[in-house]
Amino acid sequence: MKPRVVSIGDVMMRLSPPGQSRFTQTQTFNVLYAGSEANVTATLAFWKVPSTHITAFPSHDLGKAAVMHLQQYGVGMQHTLFDDDGRIGVYLIESGATVRSPKIIYDRYDSAFANADPSSYDWNEILEGAEWFHWSGITPALSANAARACLDAVTVARKKKIKVSGDINYRRNLWRYGKTPLEVMPELVDKCDIIIAGLTDLENCLGVRDDDFSSACEKAVKKHPSIKRIATTERETLHASHNKISASLFSGGLIESKQYDIHPVTDRVGAGDAFMAGFIYGSLHNFNDRDTLEFATASCALKHTVEGDVNTVTVEEIQNLVKGSNVGKLLR
Amino acid sequence: MKPRVVSIGDVMMRLSPPGQSRFTQTQTFNVLYAGSEANVTATLAFWKVPSTHITAFPSHDLGKAAVMHLQQYGVGMQHTLFDDDGRIGVYLIESGATVRSPKIIYDRYDSAFANADPSSYDWNEILEGAEWFHWSGITPALSANAARACLDAVTVARKKKIKVSGDINYRRNLWRYGKTPLEVMPELVDKCDIIIAGLTDLENCLGVRDDDFSSACEKAVKKHPSIKRIATTERETLHASHNKISASLFSGGLIESKQYDIHPVTDRVGAGDAFMAGFIYGSLHNFNDRDTLEFATASCALKHTVEGDVNTVTVEEIQNLVKGSNVGKLLR
Amino acid sequence: MKPRVVSIGDVMMRLSPPGQSRFTQTQTFNVLYAGSEANVTATLAFWKVPSTHITAFPSHDLGKAAVMHLQQYGVGMQHTLFDDDGRIGVYLIESGATVRSPKIIYDRYDSAFANADPSSYDWNEILEGAEWFHWSGITPALSANAARACLDAVTVARKKKIKVSGDINYRRNLWRYGKTPLEVMPELVDKCDIIIAGLTDLENCLGVRDDDFSSACEKAVKKHPSIKRIATTERETLHASHNKISASLFSGGLIESKQYDIHPVTDRVGAGDAFMAGFIYGSLHNFNDRDTLEFATASCALKHTVEGDVNTVTVEEIQNLVKGSNVGKLLR
Amino acid sequence: MKPRVVSIGDVMMRLSPPGQSRFTQTQTFNVLYAGSEANVTATLAFWKVPSTHITAFPSHDLGKAAVMHLQQYGVGMQHTLFDDDGRIGVYLIESGATVRSPKIIYDRYDSAFANADPSSYDWNEILEGAEWFHWSGITPALSANAARACLDAVTVARKKKIKVSGDINYRRNLWRYGKTPLEVMPELVDKCDIIIAGLTDLENCLGVRDDDFSSACEKAVKKHPSIKRIATTERETLHASHNKISASLFSGGLIESKQYDIHPVTDRVGAGDAFMAGFIYGSLHNFNDRDTLEFATASCALKHTVEGDVNTVTVEEIQNLVKGSNVGKLLR
Amino acid sequence: MKPRVVSIGDVMMRLSPPGQSRFTQTQTFNVLYAGSEANVTATLAFWKVPSTHITAFPSHDLGKAAVMHLQQYGVGMQHTLFDDDGRIGVYLIESGATVRSPKIIYDRYDSAFANADPSSYDWNEILEGAEWFHWSGITPALSANAARACLDAVTVARKKKIKVSGDINYRRNLWRYGKTPLEVMPELVDKCDIIIAGLTDLENCLGVRDDDFSSACEKAVKKHPSIKRIATTERETLHASHNKISASLFSGGLIESKQYDIHPVTDRVGAGDAFMAGFIYGSLHNFNDRDTLEFATASCALKHTVEGDVNTVTVEEIQNLVKGSNVGKLLR
Amino acid sequence: MKPRVVSIGDVMMRLSPPGQSRFTQTQTFNVLYAGSEANVTATLAFWKVPSTHITAFPSHDLGKAAVMHLQQYGVGMQHTLFDDDGRIGVYLIESGATVRSPKIIYDRYDSAFANADPSSYDWNEILEGAEWFHWSGITPALSANAARACLDAVTVARKKKIKVSGDINYRRNLWRYGKTPLEVMPELVDKCDIIIAGLTDLENCLGVRDDDFSSACEKAVKKHPSIKRIATTERETLHASHNKISASLFSGGLIESKQYDIHPVTDRVGAGDAFMAGFIYGSLHNFNDRDTLEFATASCALKHTVEGDVNTVTVEEIQNLVKGSNVGKLLR
């Protein structure tokens, strides 16, 4: 079965203490395997969109476990590279509660994916028949190899007339291999149709400075005319257990979504990826801009109620939330 | 020891993923055994009211486990029928969170209880010495056998001057054996002193249509003059984690209870049964209408804080909530 | 990607109390999804043999969870039928310990698979490009529909020159739809290349009576000349925690495997399926009879050390056990 | 329903670290409520023998939880005394493993039962209609009050021609209230029909010294002519995970049971109580001495496979083990 | 390494059902070891303030486990007394939820600490080099021995010019050994520099009656001129899951802290001890009164988000909350 | 308090699936912090021998958690180095079962300890007052920095007349920084009094080749005359759940210990460290060679029954096993 969506990105082992337990208290971790781009693809596969994720793992059992974790959602993992000597990145998340912030520890350097030789990927074969390619700003931040692989992929995708989305996702702590985002990102964004980016992302990755999202988008589109739409999510953090979620879409003009009140928050990790997945889903199904934005925002809101990185809510659940029908009610 | 209260009804195995986990995520289920009418009786037994529940189970270990589960509360299970070839119904509940609704899956057809021969119950012996009989609209919806058993029971109860309560509890998906509620329910309700019913229950089961609860009750009482009181609970679902709970009692005129704000909700299943148990408890102890309603409503509100179907809060805890004293405070 | 192996069969929800806990004690169940034939295919997929399983599920979340469970191993589930009104079969297993036997409770009647219309499967498309088809005696025992689907499948497979294996697996309690095994099984076995069958299977399903496995096999092969090989596993149960495992293969003459001593047993469910998977793996990789038998037997032995139905041990682990190198040793 | 069996004894909260975990490692305890005599009665109730246990608890929720724990087996707890100021005894058990011994910590002094006024029990009412009364040597060791209650009970039982069994169960550490076993036990044993006692019990509690069980029994019976039978279990501890279990019965002559090999042991606590329950069950059902002994010994052996103090194995499972049929086998 | 802070007090085993589970439902307890004064010292040690706690335990493994629990935070336990015959006190906490109050059961009488001979402590050696001594009103309430030990300690501390803090913490149910608080507490308070006390504490322990905290403090300081500062926390309990927390400090004049809104509450036990620890930390680091109060209050607020008795939040997390920067936000 | 024993070595986060679960199955890991040398020191501290461990951690919460884990045993961690940019090594252990081998995955490169500057340790201060220093062959294998730190430590220890033990512990996979063991180890061993080494260790690290342990030791002692004693443990692996454990000590002549049969094995990791700890304990307490060897071997055997890396058995438990008294028996 040909994939409709292909993504690239590192996948880490995620360790989290159960419930509100702290790193310094816990005797157990919940474990799963996740990464921003794979979260998007896994959600799409869960929604029955044929999807493939491109990554690299160590050959040992954690690599196998990561493959199995993504396969359960239906993600095609047949192109995975295995490295006998490599490691899998690790991230640890401690959930916060009210006045206590969540904490993240990353231990992801030198992962098998970051070290993988970019020439190992045969993009012509991988992208054969696909309709959409997705990448995020994490990949070019990891290593020169990963940045190269990403650029190769978007270049081939562009040639094949495949739609490209990029979640700019600027993370200052990642860029350690000698390049700055401004040296790397513009060339990648030049090959995108859609990007997810807030004001700081636009400034740090594209050099677009503006206090207003709408005018910043106008400037960005002027510099990178391939971009048709720019979206961003807005989180109002009343405290760690109480967030309000909405989103905006620039598509010529600015559209703003409904806002959702989440109290208490179950797990906010992957909420941006749930938005991205919703956005791609809407686009693949030819929703109009307004409907795409509302679908993506409701997907994002619902993610806050689900443990783990992947948004295992159904399309029907999202549509019910958009419609506002029976929200939170038990139907027998 | 003679029971004061007797009930009839199917008891299912309840499976629920721990915490906020989804059906499609979980590797474990919490398991217990529950059913609307048994929940009422178990709560009364927990409150030291001698009580017996009438049901049927498969002979295998799940039937034994169900008996043991109810016996722990003190419910007399000595009349249980065992079927070597039968099955126990199953229901699965996934708890919701904020904008995500809870989900229920029923797999309850052809249970040992639904198939049990109604002539196997010796109601004269079972009801000997009892003061109260309780049934719900689930039983006559399950099968012709179960409807017959229910009718036999209320008929004998009526003859013995035992008070009868019926929780009308209309569930559209259940009525599959060829009868409609309107063919079955009125005859049962004719033998009741008290019913729990909201507007849709009154319409679907008794054919009483009215937009106002008070006038609907007046009409229902006119058609079924044995009924002295009709009560109903009202749930305002702000979202899955935030509910407001109150109740109304029609007893000639209309009485409305205090409203309780529950945020976050721990487990809302069985809240109606907790109300029913409170109502029976108040009635058995000769509380006046106002006190009975407030006791039942506080019982219902407290159920939202307890995991499982049975309301394991004490009479003292309910009374403290009614009085509003030290709500939520830690007393050493 | 074309599958090399295709199987058909019902998949149930498996519930098991943790550790040595009994049905009448437990407050939790471990849950997974399994069935004899799917266990075989899942193991093969885990070993990187492209495989597809054919079955039917209810449309609700337990059906989704079952699909996801099998997808994690890499099993292709794209042909799954979904039934809006169906149920998933359930089986419950309580593990034994020394003098206490394990217990199984089945609640599998009227599953979506048993009720599925056999004309819904397009076997020409499903089997396109496959090399091996696997079925077991459970499927024709479930319902006339399932028996029909199985017969259709082996008929098409035979026409396409696909190798067919059947695990005869006689279970007296299953045959409830009005047919006897002797009316149904011979026609299916006529289209097999390889069967797994012990003396009681041969007697009850093929009418072949003999006290000696070798001569029974000779008779069976005479009656069903398509059969090239008959294999069987032998379990010596010293007690529930201590088993000895070996196997025999009739392939013209009789070959007997090494015996493995398992003490304590972790989980013996699926051990026969692990043998079958090993047998298919060896056959697909052109192992000779001796090597195929030893590989399958070691796979079976290792299954006893793994929780769940699927034998998640690697090909390398099996080969090391066959060689007897470093058995049980920790290698750093 | 009149009880057939009545017992008296303290019930403690039992705390145990999960699995092989040590007291100094664990962050969780498994909790249940148990005591030697209640274990016997609970097992009998589980086997459908109507049974009542006499004890006292604090009024707080641990007392309620203890009542509920025993009620689940069907034990009648209606005579329980509640003490607003009392405590429940606690015992903690850490399971051993091979060369590491299990450990027990007792914190049971001044329990509500030990302090309960013996005049609070109305033995004429409690024992009305009973056929059997059971006590153990733990009760008279706890306090003068408890010893008095026990003596009152056996005196009334004797008068009512109720059979009396005593599990002598000498525990040196308990006798702290100023009396020695030799001052208290002979008078109690004088009112027994059956006792469980090994050589050290006979010596310490009855002053009967002999190296041979058979001749010791002869002497004991001479001193206490009411005693018809003396039984004892024998445990051969190869190591903490490997025990061999058998038993002997003196009933005029000596009868010795089969021996059972238990490896690995799941939970050996309550094995003697399982023997006692089996012995009473056999006696109530008029088994002959040999059958009674074998039933009791198999019950004892099976207890080693069950977590907790109560032997939740069925009569059928015990009878299968006695017959030696299908031991440890999985029957579908 | 010399301790800067020394405390005295009983340490109990704390048992709590997981999550919202009730005492009458749970099959497991979470276990840890805690006591008001040790909670303070453990928090200080966690913040790298060298600290020692003085107490007594039984010699068995629960005593060892308690020592290990406190050692993990870095508390010096080298002066612990061990009693071969003693017991450890136990307390059980069931967390409440919205309208359901938390419940505590104490079983702490006759603990090894309560019974320890006060002459066993060599206060000159223990306090050598210390800067701060902390005690609470629980200790003199437990037994004459404990009251004596406490008085000896503060007397020596005073002589050595060590600062002394007392958390008055009046608990009516404790005073059972024949003395009243008014006979014991004033003498102890006479040797304090700082006390934590609310209006009821001041009235019951010091005989100071006043409706206004500020004037009550003025009176208390007049009677006990050694006292420089009196602080108290204020909890507004909207319901069990929703509390508002603030505090006041009398230091000549009255200072009031910010108020924190905690919804939902994770674990409120030890919140007062977290305040005390914050107060001592601020004092040791020469914060001014305002900063000390805000640090202590934020420490108290954050404690509500942490499971267990000890406030395992970092100094940095507290300071961020005081500053109000990034409260509840996830920083990558 | 001055430490009697000081050790150096890396400490990793250990992750292990619960029970027999496999890496590819588990959704949770048990977590603790361990390393060969710290395991030795933690056991000694648990036995009340004042001990300090020297290592380095990242500054984030996993470093804090590791410190807390070791502090609970009483290990002095006051000299720990913290690295703001560092990582903690990770190892993952999957326990085997009968014919399935345990599996280990290491992800330990570039740990804070491996990268720590050797000049950061002030060995004169660290070793002030100590009697024993312990290191293992893992440290010099990790990095040039770690090898240097180890050499500095043994050099200072030697000068201070502190006894030095080295667990040679050759692990081929570790030596990756450009040096071979033969270039590094002899110089370290020259400063040891006692080493733990088997034949392959002696060959690979000291270049001593011999098939007989006794003559190999003679040669080693000749080359490294500081060595007084060489000990080694022998494990006979019948299968993963069944091991036999003994040990030998060369001290001029050869002494062989009793052999212990462990079936089933709970956790064999750290068994060598438990032997080492026992050996140091015996030496510090002036046991003779035979008693030291038997104490160390029994410590090693008992470790197999304890979960985790640290041997939390008491000195009394070890001595009882050496004496063979009441092995595996429950004493009340």
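The first chain written gets the first letter, and so on, giving A, B, C, D, E and F; residue counts start at 1 in each chain.
Note that a contact is a pair of C-beta atoms (placed from the backbone, for glycine too) under 8 Å apart; a residue touches a chain by one contact, two chains touch by 3 or more.
All values reported here derive from a predicted model rather than from experimental measurement.
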Computed distance of Cα centres, chain D from chain A, in Å: 62
Between chain B and chain D, centroid-to-centroid distance (C-alpha), Å: 39
Residues within chain B bordering two or more other chains: 19, 22, 24, 27, 68, 103, 263-264
Contact graph of the chains (line, ring, star, complete, other): other
Every chain pair in contact, whichever chains are involved: A-B, A-C, A-E, A-F, B-C, B-D, B-E, C-D, C-F, D-E, D-F, E-F
Chain F residues touching chain A - in the complex, by the definition given at the top: 15, 18, 22-24, 26-32, 60-62, 64-65, 68, 87-88, 90, 92, 94, 103, 105, 107, 109-110
Residue ranges of chain B in contact with chain A within the complex: 19-22, 24-25, 96-104, 106, 171, 173, 237-242, 263-264, 268
Touch list for chain D against partner chain C, complex: 19, 260-266, 298, 301-302, 304-308, 312-313, 317, 320-321, 326-332
Parts of chain B lying in touch with chain D, wherever the complex brings them together: 1, 68-69, 71-74, 78
